[in-house]
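Okay, so chain A shows up in both of these, paired with chain B first and chain C after.
Moving on to the complex of A and B:
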């Protein structure tokens, strides 16, 4: 039996890391959305928010589950979700921002859902068949998520003076976190060369056109701010992720192996 | 936010092809598009349906409880309206 070459080991490690960071994006946002359960503005919307949260958590399980299989060292999806610390998480910062008020949640969802629409579409052409399968399943959910966040953006942006004010405020606060969605690091560049990863840089124009169309219709504007926050893909996070993780992980860490 | 500005809708789901739409409950929504989305969320996530109808509750014309006697009683004394009223000929055994 021949030992796998150094290059093959690195390639495998790259692939695992890519699955894990996509899982991180999904679980962190899924957890944020789940905070709305029992706090939703009314019962129907509460259930809808919970359903979207579950879609994202299900997506995280697919990414983590395959990363665990690729690792082949007895790790499970739970190890990735519950036993890693803040610096090991590589999610985009936009996903970890607090849930804020309902306008804030909707603006973040609109930005992320529209990003996912183009990301998943591109992921369907990946050279990795597991990524293709996940993209097929997830993009059906994402078209529903986009419909939801678009119609809420129109309703609130073009609603009362107060709902408009809150929507614009949320956009101004979140916009600076949108830029890193379209940046690639060395890991992704290597995987783009082998046809596995999505080149996010190419998604920006498509995404911006979608956002502009919705904002125009809703009477909202893209801020002329120039600040940018980045760092999620390198494990540098806002102060919010640590708090989120303590809440998400403490049961698993306090009672290892607990089942119910 | 409360539901006082929302409209009430009745939800009908057809569980599979060949079956009828069945009334499953009601919900609050801003308009019919949103009602359809919520109907999917609230009533079909576990047992997937293939078709959903939503109708504004106010648009349903319903019989009144007070009219029950005049609506439904008369047929009680007309047993010949029921198939079981008619004796079957002996030749027919499996009916």
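Moving on to the complex of A and C:
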């Protein structure tokens, strides 16, 4: 029996890491959105937020679940979600920002949903068949998410003076976190070369055109860029992720193996 | 002259699509018809009038010696009913003396409401939920017209694109004033 070569081991490890970071993006945002449950502005919206949160958490399960299968060392999706610390999470920072007010949540959601629209479309052409399957599934849901985020952005941006003020404020606060979405690190570069990962750098123009169209219609403006924050893909996070993880992981860590 | 209204009526007639036909043929050709019949008793936990077959998430049943493998596909990624559905399938088969059951989740091809059977659509309507084929709008708007499952009026408005579960949208009928869910096309 031949041992897998060093390169093969590394390739497998890269693939696992890619699945895990995509799972990280999904679970962190899904958890953030779930914080709205019972805090939504009205009942129907409360339910809508919960539904979208579930779609994201469902994605995380698909990504983590496959990472666990690839690991082949008895790990499960729960190990990835609940037993890793802050520095091991590689989600984009935009996903971990606190939920803020409703305008803040909608602006973040619009940015991420539109990003996912292009990301998942590109992921459908991946050389990895599981990534393709997840992308096919998730992109159907994302079209619903995008419509909802867009219609709220129009309604609030073009609504009252107060709703407009809050939306613009949220955009100004979040915009600096959007650039990281379109950068690739060494891991992704290696996986782009083998046709597995999406080259996010190529998505920026498409995303920007979509965002501009919605903002123009809503009477909102893209701020002049003065600052950029990055670090999520390297495990450097804002102070908010640690707080999120303590809440999300507490039960699992306190009662290992608990089920209901 | 064909009016817009009668155009809608015509498009709402449920005919069997090629996707439905393919599914039915697949089931007919199976060598374990009794197992398919057994699982007809297992329903969606959120919509108990719909069997797993009728909603379209039951894809395959295979038997090898004592092991039965059931292949299902999730509706939405985050559908919390999937875990219950797995348990229900295992319980139903175990109850009928099958000791070894595996339930596999298959993501591709992604589930579509086009797989729902005509029987399922009718049952859904009878249950007070408009099936996906009761609107011609694929992209829902607040003015989307859906045939009201209570009074058949098409004068409706969408209240929320997300309802009690991710797969449904909340509507209200402007004629009978009743709220109802639409099972969204996906």
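In this section, the second predicted complex is superposed on the first by the 260 of 260 C-alpha atoms of A that agree within 3 Å, B and C clash if a C-alpha of one lies under 4 Å from a C-alpha of the other, contacts with A are read in each partner's own complex, and residues count from 1 in each chain.
In this section, a contact is a pair of C-beta atoms (placed from the backbone, for glycine too) under 8 Å apart; a residue touches a chain by one contact, two chains touch by 3 or more.
It should be emphasised that the depicted structure is a prediction, and the values quoted were computed from it without experimental measurement.
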Contact breadth on chain A, by residue count: chain C or chain B: C
Partner chain(s) touched by A:14 [first = chain B, second = chain C, both, neither]: neither
Touching partner for A:155 - first (chain B), second (chain C), both, neither: first
Chain B versus chain C as contact partner of A:96, first or second or both or neither: neither
Contacts of A:62 with chain B and chain C, given as first, second, both or neither: second
Touching partner for A:141 - first (chain B), second (chain C), both, neither: second
Contacts of A:41 with chain B and chain C, given as first, second, both or neither: first
Partner chain in contact with A:210 - chain B first, chain C second, else both or neither: neither
Residues of chain A that lie at the interface with chain B and also at the interface with chain C: 44-45, 47-48, 51, 144, 147-148
Sites on chain A touched by chain B in the complex: 41-45, 47-48, 51, 102, 144, 147-148, 151, 155
Touching residues on chain A, where the partner in the complex is chain C: 30, 44-45, 47-48, 51-59, 61-62, 129-130, 132-134, 136-138, 140-141, 144, 147-148
In the complex with chain A, residue positions of chain C that touch it: 74, 76-80, 107-111, 139-140, 159-166, 170, 184, 186
Complex interface listing, chain B residues touching chain A: 1-3, 6, 27-30, 33-34, 37-38, 41-42, 45
